[in-house]
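First, the structure itself, so that you have it in front of you.
Each chain carries a letter (A, B, C and D) given by its place in the written order, and its residues are counted from 1.
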Amino acid sequence: MSEGSTDGTPKSKKPTYSFHGNERLTALSDGIFAITITLLVLEIKVPEIAENLVATELPRELMDLVPKIFSHFISFIVLGIYWIAHHNIFMHIKRHNHVMLWLNNLFMMCIASVPFPTALISQYPNQQISLVAYSGTLVVTGVVLNLIWWYAITHRLVDEETTDKAFIAFVYFYNRIGPLLYLLSIGVSFFSIAIAKFVIVVVAVIYIVPNPLYRQHYKQLARRFNQ
Amino acid sequence: MSEGSTDGTPKSKKPTYSFHGNERLTALSDGIFAITITLLVLEIKVPEIAENLVATELPRELMDLVPKIFSHFISFIVLGIYWIAHHNIFMHIKRHNHVMLWLNNLFMMCIASVPFPTALISQYPNQQISLVAYSGTLVVTGVVLNLIWWYAITHRLVDEETTDKAFIAFVYFYNRIGPLLYLLSIGVSFFSIAIAKFVIVVVAVIYIVPNPLYRQHYKQLARRFNQ
Amino acid sequence: MSEGSTDGTPKSKKPTYSFHGNERLTALSDGIFAITITLLVLEIKVPEIAENLVATELPRELMDLVPKIFSHFISFIVLGIYWIAHHNIFMHIKRHNHVMLWLNNLFMMCIASVPFPTALISQYPNQQISLVAYSGTLVVTGVVLNLIWWYAITHRLVDEETTDKAFIAFVYFYNRIGPLLYLLSIGVSFFSIAIAKFVIVVVAVIYIVPNPLYRQHYKQLARRFNQ
Amino acid sequence: MSEGSTDGTPKSKKPTYSFHGNERLTALSDGIFAITITLLVLEIKVPEIAENLVATELPRELMDLVPKIFSHFISFIVLGIYWIAHHNIFMHIKRHNHVMLWLNNLFMMCIASVPFPTALISQYPNQQISLVAYSGTLVVTGVVLNLIWWYAITHRLVDEETTDKAFIAFVYFYNRIGPLLYLLSIGVSFFSIAIAKFVIVVVAVIYIVPNPLYRQHYKQLARRFNQ
């Protein structure tokens, strides 16, 4: 539409061939998110106990599942964070081209990978390699998310009427908090795995609890959609 | 749109930043419901029998599956009840904000959790802890569903033209029957697990069989959508 | 809309409270179909062979999978038949009410059940009980499909402008061929399991190969949608 | 609509009965793609290690997963290639009939089959039969994709205003590169399995890296959609 309008957004050097409509891209993405989230939760299995020991052993065995349930719960929140981030940036990205389809495919592969390091960290919770794999996967996922936003901005795939420079910068800032803290947790893991895990929990809290950051984010979005 | 109109709905104190359009929220939710329902049914496995015993053992082994099939059937109905409830309230909720996305995520985690207590109760049917886990999961699910409705009403995320005070109260009443009866079944389980299970079956029946309650519910909805 | 128009469709006695829009109903259904189809195919597992025997044993072990692959292929076609039938009748059903939601839930439970009798018949191919379970599941699925159509017609949930008496009768006839032949295969199984299986294959062929029946069916649909 | 317009597209001999709207066809397809992609990634399992050996064995065991992860990564790209191809041709295919529904079902069965030969080639990487199964599946998938395009063109299921003869020929050419190279890899496997695998990796690279071929493809699409 307003292919020629360039106010407030960076220019792309060469003409871009792109298409309106991301319905199937978001449908595929929602499908992959839904399956990954569901299977993550389904991985918690009922303990097998010999019949004569059930009454005495079952409560204790269920209690033993709590650490595993907790690590899956954290991964569930992580997937929720990335789903909301994907949902929010695709409220602005209105077009796609070949590269965008592959960047989104790459992001989806990262999302579908999350159950693996989750299983690793819940099975081998005290190994540094588990934590590096877990945080490493989330760093890569966050980097790809930022790549999608960067590519959309620089190749004019966003709705130019709902994104100004301040807003673009805000989204960059906001979506980099997670990956940077996950990177920090990798560094910290060389000294203390417990503190590294604590950092991961902090990220979950930051992105859920409403705070000034969020209000700013939503105010920006609302200003554009709720006029 | 009619942001200023306040007739018949409670006011929210501070301005709310929210967005029109729940397509991806409902797409993710339908995906999670679909996977959970399908995997619940798929958990019924064909018994393994030695080749020379197949002719004599297979019918009996299949009969042994009946209690398990029954408990999965009840969970299937429970998921159907919650899907219909989610479907019905999101016929009125037309906007979302950050908190609504997380409330819905939380609801979806509850939904994806249902197969776990279902497996527990079908594997250890006579343990009180199985029943408490099962009913407890469904109480929490129901509470979150009511939280979604409460939050939508108090933060003006509903279509104000299709919801009046009587209707809002009706939905509250209607969606609280399930969780309250599940809570009752937990209490009852201290005296009789069989009666507690019977209460769970009663809930399934109440929400399926058309009754005056339902007609009232649908009459309310129809009055608004079928003018 | 044209609630008062009754030409060519049966009347419902009491006023019906129903809603326009089946988007989420079909989204949930497509999700369940997609998962069931995919998991059906995924159940074919790579054989485990000791390393020193791989070169000689692998080709033979893969050949041994052929009967299993064939039975899953037939179930894949069966699911395709029912998906197309569901897709086709919901081109006409434009409204839903409480009962329709539950009828569709029931249909979806039947669909999600198909992998179980498929596994049964591929594991115990010569037991009559396997064939009865397989055809029995498909009979029930077909009956529920016909119930959905009957309910939609008698409760005015269809688009009255695209369905006349001849068309309604045609859909009834067309969607009863499958269940009736599956019922026949159960009867035949008392005399010959091989012939009973042949009947099941015949149903698959009937619904795929274009024939006068199909042309009539699609001519009817096209007359209404392609004017 | 422009049923009579025949400029630039082949004629179909007899009148075709077909319907506008492929929403459910693409919804089912996206669902099957999403599940297949996710389960492909989920098949990478955390190694089981005795507790006293974890610290020393875990890094090595994770390294041993690399070849498996690589083969799954290639299959992930293959599924991405086919999803994008399906997405792109269904930007032009606007109608369907009975045969198109079954061709798409067949394509979806091929897609859902991909994890099987992937598991085969990652478990028995040096057997020629693994490579033949892998490339063979992808040849068949590619042939069915081309059949869908051919059928849509010859039966006027495409949007005639966005497809001219040059564009149709281009899509044929473009979507045949993959299947032809996979066929080549089968031939090559009789001499060298390593080179045959290399050919498969080359296909992945060809379809991802932007090149003159791609630019031409997208320029064609853009000319039609971005006027």
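We adopt the following convention: contacts are C-beta pairs under 8 Å (C-beta built on N, C-alpha and C of every residue); 3 or more make two chains touch, one makes a residue touch a chain.
Everything numeric here is computed off the predicted structure, so don't read it as measured data.
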Reference chain A; chain at largest CA-centroid distance: C
Same vs different contact residues, chain C with chain D, by half of numbers used: different
What whole-Å value do you get for the distance between chain C and chain D if each is reduced to the mean of its CA atoms? 27
Taking each chain's centre as its mean C-alpha position, how far apart are chain A and chain C in Å? 38
So which bits of chain B are touching at least two other chains? 27, 30-31, 34-35, 39
Would you mind writing out the residues of chain D in touch with chain A in their complex? 26-27, 30-31, 33-35, 37-42, 44-46, 49, 54-55, 58-59, 62, 73, 76-77, 80, 83-84, 87, 90-91, 208, 210, 214-215, 217-219, 221-222, 225-226
Interface residues, chain A side, partner chain D - complex: 3, 17-20, 24-25, 27-28, 30-32, 34-36, 39, 97-99, 101-102, 105, 108-109, 112-113, 115-116, 119-120, 123-124, 127, 129-130, 133
